[in-house]
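There are two complexes below, and they share chain A, which is joined by chain B in the first and by chain C in the second.
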Partner chain A sequence: MASARPNTTGPEPVVILDGASKSFGALRALDHVDLRIDPGECLGLVGHNGAGKSTLVNLVTGQFAASEGRVIYPGAKDHRQAGIRAISQEGMLCPNLTVLENLQVVQRDLTGWSWRRLAARRIGAALDAIFPGHRIRPEMPVFDMTLAEQQMVEIAIGFAQGAHPARLVVLDEPTSSLDASISAQLLAHLRRFCAEGGAVVFISHMLGEVFEVADRIVVMRDGHIIADRAAKGFTRQGLVDAMGHVADESHEPSALRIRALGNRSDAILRTPEGVEARKGEIVGLAGLAGHGQAEALARFYLAQSSDWRSLAEPAVVFVAGDRKRDGVMPIWSIRRNLALAALGHLCRLGMVDRAAENALSADWQARIGIRTPDMANPILSLSGGNQQKVLFARALATTAAVVVMDDPMRGVDIGTKTEVYDMIRHEAAEGRTFLWYSTEMDEILNCDRVFVFRDGAISAELEGERITEANILAASFEFGDAA
Partner chain B sequence: MRIHRAPWFWAWVAAFAAFLATWSISAGGGGGAALAVAALTFASFSVLTGLGQMLVITMGPGNVDLSIPATMTLAGTLSLKLMGEMTGPVWAIMLAGLVSALAVGACAGVVNFALIRLLRIPPIIATLSASFLYQSLAIWSNRGLRIKPPAALAEFATGRAILGIPNLALVALVISIGFWVALNRSGFGRRLSAIGQNPRAARLAGVPVARIMGTTYVTCAKMAALTGFLLACFSGGAALNMGAEFLLMSIAVTVIGGSSIAGGDSNVPGIWAGALFMYLIVSMLNSYGLGAGVRLLSTGVIIIAIVAVASGRKAQA
Partner chain C sequence: MINPRLLLPVLSLAVLVAAVFWLQPRAMSYVGVNLLFNLAVPIALATVAQMVIIMVGDIDLSMGAFVSLIACITAAILPENPALGWAMLAGCVLTYAALGALIEARQLPAIVVTLGMSFIWGGAAVLILPSPGGSSPAWLTAIMKAKPPLVPMAIIASVSIAAVAHLLIMRSGFGVRLRALGGNLRAVSRAGRSTVRLRAMAYAVAGVFAVLAGMALVGLTTSGDANIALRYTLLSIAGVILGGGEFTGGRVSPIGAVIGALTLTLAGSFLSFLRLSPDWQIGAQGAILILVLAARLLVRRAEKRA
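After this line comes the complex of A and B, so read on.
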């Protein structure tokens, strides 16, 4: 599967993955992956959500231990000694600390009286080398800096001189908050770094950048490396095709696809980003994770509901995907969790009608199949999938016409998924509208209309026959040349 | 239901133990009834402030009302001043006093919540700084005068009309039952608990977070005002430092009573146990003849011990 590149008698590789696998419970995020990265290589890593990119990176950078197989750092005892650095997509800087102090957080050899001078020299040299003309002072606290400056500092920390010099730097979407000229400086630095013998793993949704900087491209899908060859061996369209399930492009147009939803001008809702929906429509929000879909949904929901009024019949309800952060009330029973959104409906003169609450929860336990002997049990006694069902029931038990779903099927077993899909179809047929952000392709393919997000804006609107994996992938990645 | 698992069980055990310990060393057999009456009377004030504080603490980490003492003082001062200047039927004067005290509390609650919500000041800072405002207003309007409450009110506050139980304890009991119903049976209580567990999830489930929080801060301040009014009537006039001990007391009775500092979980019976315990422990240390310094020190140690035991019990559960 993975190419065993001819082993020239050059320097030893920086890292070797030998049949490495990583499982999270039943989910196999990475499946017997072989990969070696040599000094001087710039590796582009592409794939859609859930393809296993992050897991691969976390194995290489030593954040996770492999469930099976090995991760080898020739000539070094661990990832730190091997000089492996990671620059993550979401900021890892401590906002209350200065640039110097943030460097000290990762470089533990900065101790003693004069550590600030040494740190200033290291970070200053890195910033000057990568972003000449930057205006960052090392004493600045991070919260005083713009998003782009924070990203620049994070990158500079990744490349800064340290106890073990950087030999492999992993950059996950490093240009997401940088403007064109700064991005160009970074890409130039990456090429320079590789020319001097350093290695880079570069992850980006901007395929132009990937082609510009990478000399070898690895494509991932479903936890496997499905293509690994020199960048010259790919065309852009070929790359997008490789990321999708081209072979099994056989999903039949579902019954949903041919539903009569009326004229497109009959939209009952429209968000500031331009997402719109008709009555009874299932609208998907697709694209790579973290490109503004969840934010768009949260904004829409918060604008449609009030901090002050609670309506007996809310217009919109929300189904959380991040159960712990956005959904579950941990000390309550299943029943109370289920009834929360419908509370306005269940109250008589301000008092909760407990008979009605019991009836409601018993009804939904039967309808959605919550597996528990007693709805009075604590919510945390349920499995994750059943907790998710409770959150669905919480939303569906209201009379709201619009249901907003923030990637609710993350980490849910396939049995539960199938049951909930049926439920959604049934409710849509009854006239409910769904706004469904999902990172899973098969869920998006079940929608009536799909909006693909990129960089916080809609990059494509697909409907009917045009909702295909290839189209969604093409809209998720950016083809334009990098700056 | 196993009663020893209830969060207020150990607080009640501690309160009874403190009662027996104090009784055994006080002279004579007749001391029991007198001790019980005194404990119920003084506990009533702690209960009334504690109920409000419990509501606020139920909203989760960071939520606490430190303006209770100042609100008590301001409400007591202003309402007694109003009653002292009024002429007319006694019932009208008394009613005006009560209403004005509650109005002062409502204003204080609105100011507290406005500072927290509009200026995004953390509740601890907001209520603490607001309390300087209230205290200054009280000093300014009081000017060293000590106005006596109407005789009928003073009589009521110190009286024991039914079965020898102090009137104040009955008032506190009725209000406690009201709080219990609100917390355990009403939509408001549900939503309050939801906010205490996870305000973000509560908002996303349609809970009107701002309204519930505002109502809670206003209710807490009203309870403080009511306590200030009753305490001023009980002790024959408002004093500028009359609320001082209720800052720690309101928090202590909430915590000792078994409400969760982490939020979302409150309980009313525990407030009573905590209030009785706190009074009895002080009178016990008094009857041992200990000085004020040792007394305060012991009180602090006992509170810490109880909270530690209670949180250990929760971790196992």
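After this line comes the complex of A and C, so read on.
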């Protein structure tokens, strides 16, 4: 493995991670990682959700400081001077600015009267070099451009000439909105860039692309680097196997739990994407985060619930994963938060029946184990896990036949998880249907049927004993060669 | 190449000008044009100030009270004690910058902060000038009431405001970074820039334009009053939107904002020329606003379909 010392023989590395760790609260996203990236290297970085890829990238690009250990940029005082650039997945352009103005936001040496000319030259040169034949003018406003063109601009900004030339460019799913020919141009440019002494970290769910461009592949799992060797040393299947947990005794085979759910044609719901579920079934939506699962759930839920005349009893209820954004009412009490979805039948003559509300919340406090001395306390006095339980109770307290869950266990401790799994299984046995999007493998393995999403569409439907980590991983990553 | 977003503001101004000239041909003269657009100059300055705030994703509900305070300082203190007067004006700009920093650092809603500040500005204005009065510094009146040959002062002032604001906001690197704040805050902080500093700067720029608005107003009216510019809060917001700006996303146009301010002022004169009773004028002004915005919506929709 890489030595932690900067002064080894050979060319000086661009960046060295020396026992770097990063924790978010109790969660250790990155655990004592050693990594060294040399000039001219093209590193493929693969791993499933929560493996620590983005945390690693954020440490390398200086967005996060390491909780433990060090990140060293030999010969430079910080990541900017070291020429480290990041091209992220989530649109880092300002849509109200033009292409060249977006370069001004990132680069510091565009000053003086003729900065526009200089910026236009830099971004134009980068676009010409990476995407010959592109039709992007530097004066074009970003909001007028297609998603692919915006992605091309973002990539070009990452490679554009600047005060500190790019020495290491990190690309996180750069080809997700590019078509095959543009992707091929990018991959060719990456190889050229590395041949000229630049370094690249390339993250993609398209394993074909990773093999095409990377000369070294790093596999991550649970915050550790579990494999780091030349790309030639991997086969595609070997790579997928490496991403999964090799020995997983804790998982009881799903086949043991197969329940009588009736014929497959008895589906009580079906979404446009093709997700379907029978009464009492727990249906999992798996795949890498951001491949359309949350959108599919939201579309289904809104189609069922957004109605001018809202029914007293909703047919579908929603359990939020992003508690802050679409879950808790932050200034309300625990009780009110819990009773919210069931208010329809707690009302008498349009007024909330306090006694019924109290009874309902006391009942659910006991059933789901919300740890608080008083349900009248503010919801924010609870720990994250207990807040999540309140959101579960809110949904389960209704008579809705379908429960939609949008990655609800994000940042929840293992004890709460186990309790909630039991609750879900119990409710499913009583005939409720669950649509469960999760980024965590052990949750998906709890499902009766699993739909794996890739690029906004279903890439595999697994049932019973075919629900295995290996099958889900295989369906999450694209095997085909990049054209 | 003309920005298509500017087409509608320009068109609505042209229609209004034509309507006014048709109703009152005598307005088609040096003096007439100056009278029509005179009072638009402070409104245009306040609108540019509001535009800078809207550009960074906020809204300023204290604009009218702040411009009134500036007018009081300019009329009551600046003529007698210029040093103190200038120091107070500079202090007002610095306070604006501090508000911007506070809003960003504590993640406060600007609408609440500025609403609260409007009472402070209003109170300070009453303290400085309890009853309407004061006087305008002679040099200020001389500038505002100057009679340059050929083109009236009101037009020269409006064009210069638009030009300066355009250069500062749309062309300079500094303006680009401020607009980036409204476009994608995360991109700005990811690029390693201090969003607190940038928002403070945006508020300082707005403060400077608002100070100029208050001074211009005193230069025209030659006296101050604690309630002199309360209408400016809503007028400035309407002017920004009329000029093609949007409430979110940092999409604004300084030239459009000035044109919007001119259009709003002219709408008032137009209604007077129609001999509409003053009781109905505010409502009618609102109707004109709705008309223009509805037209804009239709244009947008057509654009989207195309």
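Please note the rule applied: the second predicted complex is superposed on the first by the 468 of 483 C-alpha atoms of A that agree within 3 Å, B and C clash if a C-alpha of one lies under 4 Å from a C-alpha of the other, contacts with A are read in each partner's own complex, and residues count from 1 in each chain.
Here is the rule we go by: a residue touches a chain if its C-beta (ideal position, glycine included) is under 8 Å from a C-beta of that chain, and two chains touch if they have at least 3 such contacts.
Just so we're clear, the structure is a prediction, and the values are computed from it rather than from any experiment.
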Touching partner for A:R394 - first (chain B), second (chain C), both, neither: first
Contacts of A:H189 with chain B and chain C, given as first, second, both or neither: neither
Which superposed partner A:C94 touches (first chain B, second chain C, both, neither): second
Touched partner set for A:P314, first chain B, second chain C, both or neither: first
Chain B versus chain C as contact partner of A:V106, first or second or both or neither: second
Touched partner set for A:A341, first chain B, second chain C, both or neither: first
Partner chain(s) touched by A:W115 [first = chain B, second = chain C, both, neither]: second
Which superposed partner A:V352 touches (first chain B, second chain C, both, neither): first
Residue ranges of chain A touching chain B (in the complex, touch as defined): 298, 301-302, 305-311, 314, 317-318, 320, 325-332, 336, 340-341, 343-344, 346-347, 350-352, 394, 398
Chain C-touching residues of chain A, taken from the complex the two chains share: 62-63, 80, 86, 88, 91-97, 101-102, 104-106, 110-111, 115-116, 143
Interface residues, chain B side, partner chain A - complex: 181, 185-188, 190-191, 193-194, 197-198, 200-211, 260, 264-265
For the chain C and chain A complex, residues of the former touching the latter: 171, 173, 176-177, 179-180, 182-184, 186-188, 190-193, 249-251
